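Written below as structure tokens is the structure these notes are about.
Order as written gives the chain letters A, B, C and D; numbering starts at 1 within each chain.
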Amino acid sequence: MGIVLGPNRYGKAETRVVRVVRDGQRHELRDLNVSVSLSGDLDATHLAGDNAGVLPTDTQKNTVYAFAKEHGIDQPEDFALRLARHFVASQPTIHRARVHIEQHSWQRLGPHSFQRDGGETRTTTVTVDTAGEWVVSGLAGLVLLNSTDSEFWGYAKDGYTTLPETRDRILATAVDARWRFAAPTDWADSYPGVRAALVAAFVQTYSLSLQQTLYAMGRRVLEERPEVVEVRLALPNKHHLLVDLAPFGLDNPNEVFVAADRPYGLIEGTVLRSDAPSYDGAF
Amino acid sequence: MGIVLGPNRYGKAETRVVRVVRDGQRHELRDLNVSVSLSGDLDATHLAGDNAGVLPTDTQKNTVYAFAKEHGIDQPEDFALRLARHFVASQPTIHRARVHIEQHSWQRLGPHSFQRDGGETRTTTVTVDTAGEWVVSGLAGLVLLNSTDSEFWGYAKDGYTTLPETRDRILATAVDARWRFAAPTDWADSYPGVRAALVAAFVQTYSLSLQQTLYAMGRRVLEERPEVVEVRLALPNKHHLLVDLAPFGLDNPNEVFVAADRPYGLIEGTVLRSDAPSYDGAF
Amino acid sequence: MGIVLGPNRYGKAETRVVRVVRDGQRHELRDLNVSVSLSGDLDATHLAGDNAGVLPTDTQKNTVYAFAKEHGIDQPEDFALRLARHFVASQPTIHRARVHIEQHSWQRLGPHSFQRDGGETRTTTVTVDTAGEWVVSGLAGLVLLNSTDSEFWGYAKDGYTTLPETRDRILATAVDARWRFAAPTDWADSYPGVRAALVAAFVQTYSLSLQQTLYAMGRRVLEERPEVVEVRLALPNKHHLLVDLAPFGLDNPNEVFVAADRPYGLIEGTVLRSDAPSYDGAF
Amino acid sequence: MGIVLGPNRYGKAETRVVRVVRDGQRHELRDLNVSVSLSGDLDATHLAGDNAGVLPTDTQKNTVYAFAKEHGIDQPEDFALRLARHFVASQPTIHRARVHIEQHSWQRLGPHSFQRDGGETRTTTVTVDTAGEWVVSGLAGLVLLNSTDSEFWGYAKDGYTTLPETRDRILATAVDARWRFAAPTDWADSYPGVRAALVAAFVQTYSLSLQQTLYAMGRRVLEERPEVVEVRLALPNKHHLLVDLAPFGLDNPNEVFVAADRPYGLIEGTVLRSDAPSYDGAF
């Protein structure tokens, strides 16, 4: 019986790069948070502190900035692929690179003036290894709410159940979605298309459970976007609790709610094409 | 020489209330975070634990919910005034009430579907006491960036100065603004007007310092909005540091930046009408 | 009627400096977050973008690091005073400097090994101007809880009151305390003394209201620490709500609680010596 | 080619429960954040909104509180196992339950007075399904620093490498550790033992890379704690950057550092017994 080193990886997390494209007075802006993670023949540094195979995380950060200048930043998927391929191709000890990007978006206010969009971020996670390349794109922080057309009843009950059934409630969630591609695609076209499908399904689904809404959202993406083979969703149920106003002689027909922080329901699920090749490593 | 109780206040902070107005299938949504703070004859509870003059903070919370039902929520200033007046008028021991509201905004996606706007919040702070009523409105979390038309040079230098002068830099900030009214006004009209003035001044000012931009923003509000008598701004300088790409044989003509977290410059200032009555207690 | 510039200040916020003292193998560690704020003759930069009187915030940051080397960091009050005096003395346009420091503490694990203490920070705010020097020290993030010896009853009731009176509840708070000194003192001795007085008063006070506990905490500091003339406390009431277990056939004699996030009570108060000179500007 | 539902689960996240044990005047306190996640025959709710197999997340929350009363809370592993077994045993549709607990610790100040410990939390993740039971315990938020005995040199260099080699640097990290057990053990004894092994290895390892320290920490746990079969560590490299004081005529022999926020290195690795049965699902 021995003690061994198992799976491991390392890299520079959260390199913040802002890239301006200056075409005369009219500028374009890209604002990314880039995290790199490399794996390969790294036993020597763990077991003996021999760093000959370790490309410093500081170098990884420098590469992000240099590539932003040399190649520009258009779609985050392309930028991530370029970085990941570079690390695998140029470092003999690195066999696998994972690049995760969060893109903050900005609205244009003028030729070189911008306002940052709030909570929502576009994401991508790219994995490149000797067996292939995988791209998962996503979004986080998109908060959606339907103030009606949501029910919850007919559920299992036991001795600890006190929740009253309801035929009308608020349904709200902060969408955390990631979707896997079968092959490279037109990233600039795909992202708004997938996002629109997610939003449309949330808005248009008359919901009997957040699970039903989750499945509808994933299914809608797969129906509308042939380039996507798998969708993974994590949907917190941002509870809006009806306030009991009876002590004050008032009724409350779904008008006044507490927006609760904790606890919250959390619904997680995957919707995929039945012939999609499985690859958990992409996520 | 004795020990005495000085200024004090108490209240319920961060009551989260969501109010739905249901007019058939088309709904309206208000989403507030309400903090109440009361002061008056409260020595007895501090000195002797005698609570006869203490309206519980739980009751304050209940009042927020009941008022949301009874009176609805339209403009946050009106809702805050109603609450503040209620506490002073109905509790003999309470002589001063301060109600602070943060309003989260939602975009409409459908008749009863909404998407939460991200980081920006509209705020109001209302103070009611026996001497009068004061209203301060504001906004927080509005992140603005100019990718050029900003310089910084000609500053004082001492033995600890290493910053190079620049004739072209990114200027970015997260606007924290509060403005005081001389009298009640049309709150629904005023808020977007003040916000537009702040944004326009940021975008249109060719800036030699963030201080200059701050003053321009405050001045613009006072020029365009007669109902406002004083503007207070706190503008963090969200530094975008030019990356030195020379080690990689690359120039960097204001194209690639690090978006830095800490430290940050912080510029705070007040712009007011010369005849504005002073009242710090309103803020 | 004109538009004028009112009070204003600027500076570098949140400069993070870690200072190691290396005395052979045994090291000492200081970990500070330093914020500087300067005011004076700064109209020109606001009104005309003329920065001749503006010492860059970058220079302020450099000064923090250089002083950490040149003078070391022992007590945060001394370090803050040294910085504040320097800015006022060396810059003709700067008439007032405010330096705020948060000190993170570390426990010793070995001669040069340390473990960071969690949430609690020691603070100081030093103000130096042509009229004098003021020192306010403080602490934040000290979370205290009594699981009994707390009651709340006999309070004012109105039509919105539903809270049941209680003769036994949990009392918990996150202490945010600041205290003002009449004159320089032995900072290293004073801090643990004041902290101990605050904790002892919280633990030993049989509480009929959090207000009573607040006053007891402030009074205890003034009784035990002659160097302190004023104490300001902000105590959130971190509600622990008794869970109703009756639906499950269980009683709950103050054994099972929900630790709630929002809303929370917030009790703020000042306790001071009756002969303390008033000076709000110190806080 | 069809669209199908893949892996899914749901539950109540972040139920905050505080349990007081009152043995006369001397009280004990447990403070947990409990997240439950259930999976099984849940297709009907996703595909058709049929909730007959769905035990509400509200019921899961109630169960946490009721069990806290009925069975008390001693070791978090036992409490999590009891909850997880209950859901699988009592709900025909639920075949797998995962319970994750974060335990906040409090220091005793008196018979019924406590001070909350800061950033560090003890964690456990328990999985119960028809195939067996798995327990993973852990800790998060333990911030450690060595102010010397750390080097980094001899690493791979490419055209983007600018980092200077160093024979003396600060090494600091926030330990995120999880360890898997082969079988139930004495949880109360095991936790402080594993924690002590992690800390001792960090303190005593003369480090040539954070990877080497990571491996030493994992190995030390396995050497000292026979009940543990696998350790997974995620160690952010909390960079402390040496400040260049040369512009001010000062040297800086590892005395003054910037504590940087972003970016940061992130080293992740697994150390395990060579005969440990593999089971990723436990984490």
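Observations
In this section, contacts are C-beta pairs under 8 Å (C-beta built on N, C-alpha and C of every residue); 3 or more make two chains touch, one makes a residue touch a chain.
These numbers come from a predicted model, not from an experiment.
Across the assembly, the mean Cα position most removed from that of subunit D is the one of B. Comparing chain pairs A-D and A-C, the larger number of C-beta contacts belongs to A-D. Counted by residue number, the contact pairs of C-D are over half the same as those of A-B, the matching pair from B-D, A-B or B-C. Chain geometry summary: the mean Cα position of subunit A and that of subunit C are 38 Å apart. Here the CA centre of subunit A is 22 Å from the CA centre of subunit D.
Shown for subunit A are the residues that touch two or more other chains, namely 16, 62, 66, 160, 162, 247-248, 261-262. The residues of subunit A lying in touch with subunit C in their complex are 159-160, 162, 247-248, 261-262.
Subunit C makes touch with subunit B in their complex at residues 1-16, 35, 37, 42, 45-59, 61-63, 66, 90-91, 93, 152-158, 160-163, 207-209, 211-212, 214-215, 219, 222-223, 230, 236-237, 262-275. Listing the residues of subunit B that touch subunit A in their complex gives 16-22, 27, 29, 31, 62, 65-66, 68-70, 106, 109-110, 112-120, 141-149, 170, 199, 202-203, 240, 243, 245, 247-248, 250, 252-261.
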